[in-house]
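Since the structure comes first, as structure tokens, the remarks are kept for the end.
Note that the chains take the letters A, B, C, D and E in the order they are written out, and that residue 1 is the start of every chain.
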Amino acid sequence: RIGTWKTPQTIQPFFYDRFLPDSMKSQILSFTNPADQKTALLAGSLDMCGTTLAHAIYSASVDQPVVVVAALCNKCSALVVKKDGPIQSEKDLRGKTIGYVPGTMHEILLRETLTRNGISPARDVKLIRVDFFDMGTALARGSIDAFLSGEPFPTLAANRGYGRILSHPYYPDSISTINAGMIVRRNTIDKQPEKVARMVLAHARATRYLRDHPDEWLDKASGFGIRLEVLKAAAPNMELAWEMDAAFVLKAKALGSRMQALGIIDRQPDYDGLFDLSYVRQAQKRLE
Amino acid sequence: MNRLNSTSGRLNRLLPWFLPVVSFLSWFAVSESGMVPTYLLPHPKDVLAAASTYIFSEAGQGSHAGRFFEDLTASTIRVMSGFGLAVVVGIPLGIVSGRVALVNGMLGMTVNALRAVPGISWLPLAMVWFGIGLKTTVFLVALAAFFPIYLNAEAGARQVSPILLQAGAMMGVNRLRGTFAILIPAAMPHIITGLRLGMGISWAYLVLGELTGVSNGLGAVIMDARMLGRIDIIVVGIILIALIGRLCDLGLHQLLRLSFKSARRMP
Amino acid sequence: MNRLNSTSGRLNRLLPWFLPVVSFLSWFAVSESGMVPTYLLPHPKDVLAAASTYIFSEAGQGSHAGRFFEDLTASTIRVMSGFGLAVVVGIPLGIVSGRVALVNGMLGMTVNALRAVPGISWLPLAMVWFGIGLKTTVFLVALAAFFPIYLNAEAGARQVSPILLQAGAMMGVNRLRGTFAILIPAAMPHIITGLRLGMGISWAYLVLGELTGVSNGLGAVIMDARMLGRIDIIVVGIILIALIGRLCDLGLHQLLRLSFKSARRMP
Amino acid sequence: MTTRLRIVGTGRKPEVAPVVLEIQRLSKRFGTHGSGDAGVLKEISMKARRGEMICILGRSGCGKSTLLKILAGFMPPSSGLVRLNGNPVSRPGPDRCVVFQEDALFPWLTVRENIAFGLKGRKMDRGEQQREVDRFVSLVGLTDYGDYLPQEISGGMKQRVSLARVLILQPEVLLMDEPFAALDAQTREEMQNLLLYLWEKLSHTVLFVTHDVNEAVLLADRIILFEKEPGRIKKDIKISLPRPREKSTEGYFAHCRSITSEIR
Amino acid sequence: MTTRLRIVGTGRKPEVAPVVLEIQRLSKRFGTHGSGDAGVLKEISMKARRGEMICILGRSGCGKSTLLKILAGFMPPSSGLVRLNGNPVSRPGPDRCVVFQEDALFPWLTVRENIAFGLKGRKMDRGEQQREVDRFVSLVGLTDYGDYLPQEISGGMKQRVSLARVLILQPEVLLMDEPFAALDAQTREEMQNLLLYLWEKLSHTVLFVTHDVNEAVLLADRIILFEKEPGRIKKDIKISLPRPREKSTEGYFAHCRSITSEIR
């Protein structure tokens, strides 16, 4: 039993069945929120699920026994402004009203962007909390001037004609493009390491397959209800992933330190415990 | 101050459609005028198209195509289970609370406090208690429906004229029969109100129950549509759930009128 | 079948605390026993710590520190506005519907259909109509509270014994006074139930109202905590809203008893 | 608490007083339960002159209460017309007050508040209202019970409250449906005296339903006997005994006997 | 629909019948409204023997209904004790049935269903129940009204339904609170005869509250006069007229007159 979002960038679990040994069958459950998935995972209702790295770091910082065993996707964030609005660069955000969802990757990226452009998130802009799903409406109606959120909302806003993607807030020297990963319970690793290995392997294979067959990927994703043209436009900003390496962990550490600075976490988690790269390495060997 | 006679049955038959038709026409007019862009308020014909795809198309032809009947079945089962649970627990507890000060003293404060707690707060706890899936969904739906059913049953039982209970007691009616033959019929107007409110809120809370861990159902469709910003599907959902809700309301009312003389014979 | 006499006032005072205390103790016991890991069900002392941080710490010392009173004020204003709006619209409409078949014919079907529509479906439309901010919040809260208030007022007005209205009419009471001096007092038990349900659901829907466009408030805190999976904060939210809900319920009841003889003098 | 009123025999009103209430070929049929074509009331016609006291006698279920309700304007007749001072009656009004057979007190108001209810809308200062209420509370012998709620007083007391809250309004037409049925002999006599006293003073028109022939003969200018199935007027008997009437006179007994034999 | 029953004068029950109902120093005070130390009932003591018919007369508000409610077990006395066949009474039961002064019919049941209500729990096959109900519906003269709801029948009819639903249960003790107050003379006489007929047959003990002295003298073995404030027994009068009683005999008149003067 695997949990994930019904979004194009987190689609791999829907293909696991093709890549799992016959003895295993996957059942995919969809969620809208990483916390729900993690709770279900910890409560034993799921064997593996997706999560944002921010949420994984938060969970680990409060000693919850989750382990990231693979990456899920990278990139996927975008800063969107009103199409015909005056904002031409990040610097123009000063004094504007920006929508965000507290406690998410996107909040951290937004703050990073603002700070790098010399805008104080606390004083120079007005941040208001808007649910992901309401950002488009709020922007279209003029309630906010900009928002930073995940695909497909930015592309959707652009496609519908009221929004314009201003930039992608990736900074290679810090958080960069990391976004989400797959987690399992620690005791699953302890008790059923082969099962985890097989799931990671299936994940890796599914990811590779979808990378090689973007049409099939987007086709399946459009089955979630997003029009294909939007997906095609968004595809360059969505990177399916499975590999993790030391650089990945470093970026995660950068993310963790930003989170601590914001007061989202009180202390740094044990990154070595949180990220278990061994399954990715095993899978890499198998796939060569 | 008397209810008007239904002399003009024709008018009475049309009257209920007045508001829906007016709203639809103004919606249509606004959409046609182009005052509001369609991504904010979809055009009726788009909504109709989305609805017909959702309901009538072959499954698999698009995101939501043809899923309606499957969703409807799944959701109906969940709502009915939750509502049924709420009825089975809420009515007896409410009636006992209304008549026995001891029980009311014990339950009253707690129930009236929990009423105010947002349904969504229970979700993480429900997932821990029940896992994901049907049980959590049913729990959330039942919890929401419980409060109006309980509170109305309690108020109804409390209002019952003591002389009716006395009349029953002197005719040798025992507690059990007294409850079914006197207390419940006499509290029926309140109980009906509670059940109708509970039924409505069961459907309304379905979204919450299908937020997590289930892949079909009308609530899940609405949440998917919300996630994807498909306002047209959301409007389809509003209209469908309103229709279904109204049908359930009518059905419930008819069922009660069939089953209870007191529901039939009291205003 | 009679209500028990409150001979032992002491017992009656303690009774309401029985369930909360038992739940707390079993929660404590379960947590202490370590049967359920704290990340699924936080330990009472962690929740207490989170609560005290949220309520008493200096603002700015942590994500939620010291925000309570500001949140409480903001949320209370929103809930009261929404609830007030629902009362102002729901009670007159309900009473008129209960007495005038024409109005009931016109409103009944629509209202009873819309009751079933999930609150969250209105969010996109409300944002279009009202923008984000106070107005949308108040609209969602009012919408949720409207249904129980309306439906109970309607049922109450419908049940009023015609002989009381006739007695009023023959004493030369005009419609306006008849409404206030007879109809409302006679429908009071139903109206009170509706108001109490409405008040509870106003708080419960606050979460929805504060999902988007406002940055403070108890509902916002709960949604933040949910986003982060901070179950301890969610439990704090549950307990705080339960307490506040209970206080509002008591306050409402007292206010009604102070303002209406019929609320004071009928069971 | 006893209230004894002496009835001062004022001169009788002239026979030619104008017609106040006119009932023209009034019939009433209820929709439910095919009670046959007969209906409940059939072609009732009668007139009541200003200041007349009319008693209605008839068997249980013959439609007396129904007639009073139609006169009061609570329900429309199936056919026929009711005129008050020449104008058709369609709605209830304070010119025609009813003492109901059922309990129709407001359960959330005390005895005093129930009695004061109808005065509230009138132009009358508070002090005067209070005095008026006090007077009627004491006239019906409930001074000690002013603050009781209806559910805390006895059946007879309730009927006295119903009476007081209507008498205080001094309506032009009084419609009374067995108002004294639940009273003991002594209280009943006091209430009869109270009614007669106020009637002499205010000379309103009274339609009084009763089952007690003695009471009818004591009170009435005319006694109307109702027949059952369908309800209609069987006999209209003039009682021309002088007032104040004594229960021990031969004329009184003669009337009682003849009417009793009439309704057998 | 008229029901005329001939009363067959069976031999009178012996005076030494066992005591069924015993009231010992019973007092009742209501908490609310400091009605003084007097209370509503004060130190009532009396006995009723098996098959006795006792009428209670007393002024409005003297506590007659309150006494009946305590006997029925609807409310506890403030002090004192009620014994039925030697056992203290604390709860209502079908051995003591009440005909209420107020309307206490179930509004959601038809006349027939109301009358059948008490039989439902009994071991009796459906056909027999139906026949029993039919019999009592016709005894109270409501054959044509079996399917009416309480709000569709007249006040007098309601009281007859109340009577029938209790008589059908043939209780050991019958507590009747002004059961015939809303009936016309003829129906009232029929009901009195019905009551006497069933009483002769079943010889239950009857406590009968009435305001009508004639009725009391016609029915009672003993008449108990109540005093007011506080409610207590003023006089206990034995009526030893032979049965069946005729209203025209001298003995009957003498009793009526003496009691009437007693309660003045």
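Keep in mind that, in the parts below, a contact is a pair of C-beta atoms (placed from the backbone, for glycine too) under 8 Å apart; a residue touches a chain by one contact, two chains touch by 3 or more.
Since the model is a prediction, treat every value here as computed from it, not as a measurement.
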| item | value |
| --- | --- |
| Shortest contact path, chain C to chain E, counted in steps | 2 |
| Number of steps on the shortest touching-chain route linking chain A and chain C | 1 |
| Greatest separation from chain D - chain, by CA centre | A |
| Between chain B and chain E, centroid-to-centroid distance (C-alpha), Å | 49 |
| Intercentroid distance (Cα basis), chain C paired with chain B, Å | 17 |
| Separation of chain B from chain D, taking each centre as the mean of its C-alpha atoms, in whole Å | 50 |
| Chain D residues counted as touching two or more neighbouring chains | 102 |
| Set of chain A residues in contact with two or more other chains | 33, 35-36, 39, 43, 133, 137, 141 |
| Multi-chain contact residues (two or more partners), chain C | 40, 123-124, 128, 162, 169, 226, 229, 231, 266 |
| Chain-to-chain touches, reported pairwise for every pair that qualifies | A-B, A-C, B-C, B-E, C-D, D-E |
| Partner chain A, residues of chain B touching it in the complex | 37, 39-40, 62-64, 123-124, 127-128, 131-133, 211-215, 220, 223-231, 233 |
| Touching residues (chain side chain E, partner chain B) in the complex | 69, 72-74, 91-94, 96-98, 100, 102, 104-109, 113, 117-118, 120-121, 149, 165-166, 169 |
| Complex contact set, residues of chain B against chain E | 162-164, 166-174, 177, 181-182, 185-186, 188, 260-262, 264-266 |
| Residues of chain A touching chain C in the complex | 33-36, 38-39, 42-43, 55, 58-59, 62-65, 101-104, 127-131, 133-134, 137-138, 141-144, 263-264, 266 |
| Residues of chain A touching chain B in the complex | 3, 6-7, 28-33, 35-36, 39-40, 43-46, 132-133, 136-137, 140-141, 152-153, 156, 160-162, 222-226 |
